[in-house]
Amino acid sequence: MTVGAWEAFLLVLHRELCLSFRRPEQLFQPLVFFLIVTTLFPLGLSLQLSALRDIAPGVLWVAALLSSLLSLDSLFKSDADDGTLEQLALSGQGLTLIVVAKTGAHWLVTGLALVIVSPIVAIALGIPTSAFAIMMLSLALGTLTLSWLGAIGAGLTIGLRRGNVLLSLIVLPLATPLLIFGAAATDRAISGTSTAGAMYFLAALCVFTCTLAPWAATAALRITLE
Amino acid sequence: MWTWFYKLASPPYVYGVAAALRLWLFGAAALAMGYGLIAGLAIAPPDYQQGDAFRMIYVHVPGAILSLTVYTVMAAASAVALIWRIKVGHAVAAASAPIGASFAILALVTGSLWGKPMWGTYWAWDPRLTSELILLFLYVGVMSLRSAFEDPLRGDRAAALLAVVGVVNVPIVHFSVVWWNSLHQGATIVRIGAPKMPGSMLWPLLSMWLGFMLFFGAVLCMRLQAEVLNRERQASWVREAIKS
Amino acid sequence: MNFASDGLEFEKVHVWRGDRHVLQGISAHVRPRELLHISGANGTGKTTLLRVVSGLLRPEQGSVTWLGQSITSSRTEYQAALAYASHEPALKSDLTAIENLRFAVGLKRRVTPKDLLAALDRTGVAACAELPARVLSAGQRRRVSLARVLAMRASIWLLDEPHANLDAEGSELVSELLQAHVQEGGLALVVAHRDLALSCPVRRLELNS
């Protein structure tokens, strides 16, 4: 009696979340990195809070991008190292389903965590609370898109020496539109102007990526598994 | 029609075509670029707004166009190689990448040099220069990925997938950078752009564009020959070709 | 289990790894109730062949068919019907043995904890069910991976060095499992250096460099 696609998806999701929470210290690392990077900017620029506000959206977004990238390396690496990736590929459920479940789980523990922590960072950067809603929504969309771009990159760089450097090299140029729209949305939310344009573009980018990236990431994994 | 396509998939055939075309392409490129440079640098009148500085256009614009064209060629060859498993496609992609990257660097350097008389500074985050920079990063990513693999075929395939993913993103990146720049208009009043073009200015530009394309074709033939020889080094036809 | 007369066939399979022509036109036909023992010196492509048959690796030339259909056209159905045990036991060190089984087997068929415990018991590691894989010995991990193969109830078994890290008792266990599987109508391809001491008929495929 074969297992349906939805059931299989939930099982893989469960597996990923189980594995993530077995090593809770690893969940905190990207978040701590997020806080550290954000702290570096005021230290490096020694600005007043009011002046920080001008560069805050950019700083927040760059820090979020870099923190997400840190954890993307491990999306497939651990499974590839111990041979369980092959077992998943041969499960009869189709590699795309596996990839969607793994990336979804990764976003839940990384991207979503970043979104939840972002108000703390925002306060440190002088972003007014009126902008929080847009900031968090844009971060949610942005980190989801980034998880997918990162899945493609991670699929291509499994097992390479200095794979994580190469991963960043590959993913960051592709992520520039994200950064532009996300930071612009947050910036406009701070200044009170209309955020609709930036948010629509960001949402469109997210939908576009979430639709096409699974196939690209699956193709990447197949190349690596050979 | 498909026999032509499958003929192109044969490495010795492609090697032969590249060898035959090379010299003609170099010759034609020299002619086109020669006319373009002489007509553009010496004969065309200076622009009333930008003076002689505008002449950078004759290298900058074709360079930028070519960097995009070559990326598209690279992505198309990669797609063919991935979908139909035609290995020559990988050879074309591998041969084109450094050429495209060089065009991108050329466009950036000439753009920067053009910027000095225009903006007073060598760099000012002009939208087109910025998206050209990101294109260069995409090239570097593809080339780095290819060389990071020990198994060359896997490296080819991974780089091919990245090239295809990148080509989808190039328009998105360009659009987002232009949008971003429109938000932060301020520093750049004079954009690096084509001044209104009478014939005496336009023809040399078109000729340079054609010349750059032919030059790309010629260098591609050269590099493709080397790539094919390297990839097929176990095959018997290669030993024959090296002897002759 | 699907019992089919056609079985598994691979024809003229060629694989290159860089410059090395690893598999040079290998063919074989394995029917249900048959076991193919793949042997050969190191580096002759035994594991590569198994990966080609599993569908993970597409050969440059040649084809693999199951029940008359090419595996590339019906990849997911084919892979649902096989159980692959690689040279590594393929266990997540942070998960317990039974969790490892659940997440792997659960994608192929609905299993209850009882089923999984029974499989672990059959391979002699029922006591390890609730232990994380990282504290198990190499032999115990191998037994857990065998339990996984058992629990999948697949018609095709692809085993790469199933005897590795096992003592004499463990090797006997492998033989028993293989014999039972073949008798019940399944087919198996086993890569092994040593001779398989089996009472059922075994066909041999020797790979040379």
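Going in written order, the chains are labelled A, B and C, and every chain counts its residues from 1.
Everything below uses one rule, namely that contacts are C-beta pairs under 8 Å (C-beta built on N, C-alpha and C of every residue); 3 or more make two chains touch, one makes a residue touch a chain.
Here the structure is a predicted model, which is why all the values come from computation and not from measurement.
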Response to the item:
Of A-C and B-C, the pair with more C-beta contacts is A-C
Fill in: Identity of the chain that, by mean CA position, is farthest from chain B
C
Discussion item. Going by C-alpha centres, which chain would you call the most central?
Written reply: A
Worksheet, complete the sentence: Distance in whole angstrom between the CA centres of chain A and chain B is 32
Worksheet item: Centre to centre, by mean C-alpha position, how many angstrom separate chain A and chain C?
Response: 36
Worksheet item: What whole-number Å value describes the gap between the mean CA coordinates of chain B and chain C?
Response: 49
Worksheet item: Do you know which chain A residues sit against two or more other chains?
Response: 226
Fill in: chain A partner contacts - residues on chain B that touch it in the complex
82, 134, 137-138, 140-141, 144-145, 148-149, 154, 157-158, 161-162, 164-166, 168-169, 172-173, 175-177, 179-180, 183
Worksheet entry | Of chain C, residues touching chain B in the complex | 16-19
Response to the item:
Residue set of chain C touching chain A in the complex reads 54-58, 76-82, 84, 86, 88-95, 99, 103-104, 106-110
Worksheet item: Given the complex with chain B, which residues does chain A contribute to the contact?
Response: 152, 156-157, 160-163, 166, 169-170, 172-174, 176-177, 180-181, 184, 201, 205, 208, 212, 216, 219-220, 223-224, 226
Worksheet entry | Contacting residues of chain A [partner chain C, same complex] | 1-3, 8, 11-12, 14-15, 18-19, 22-23, 78-79, 82-84, 86-94, 225-226
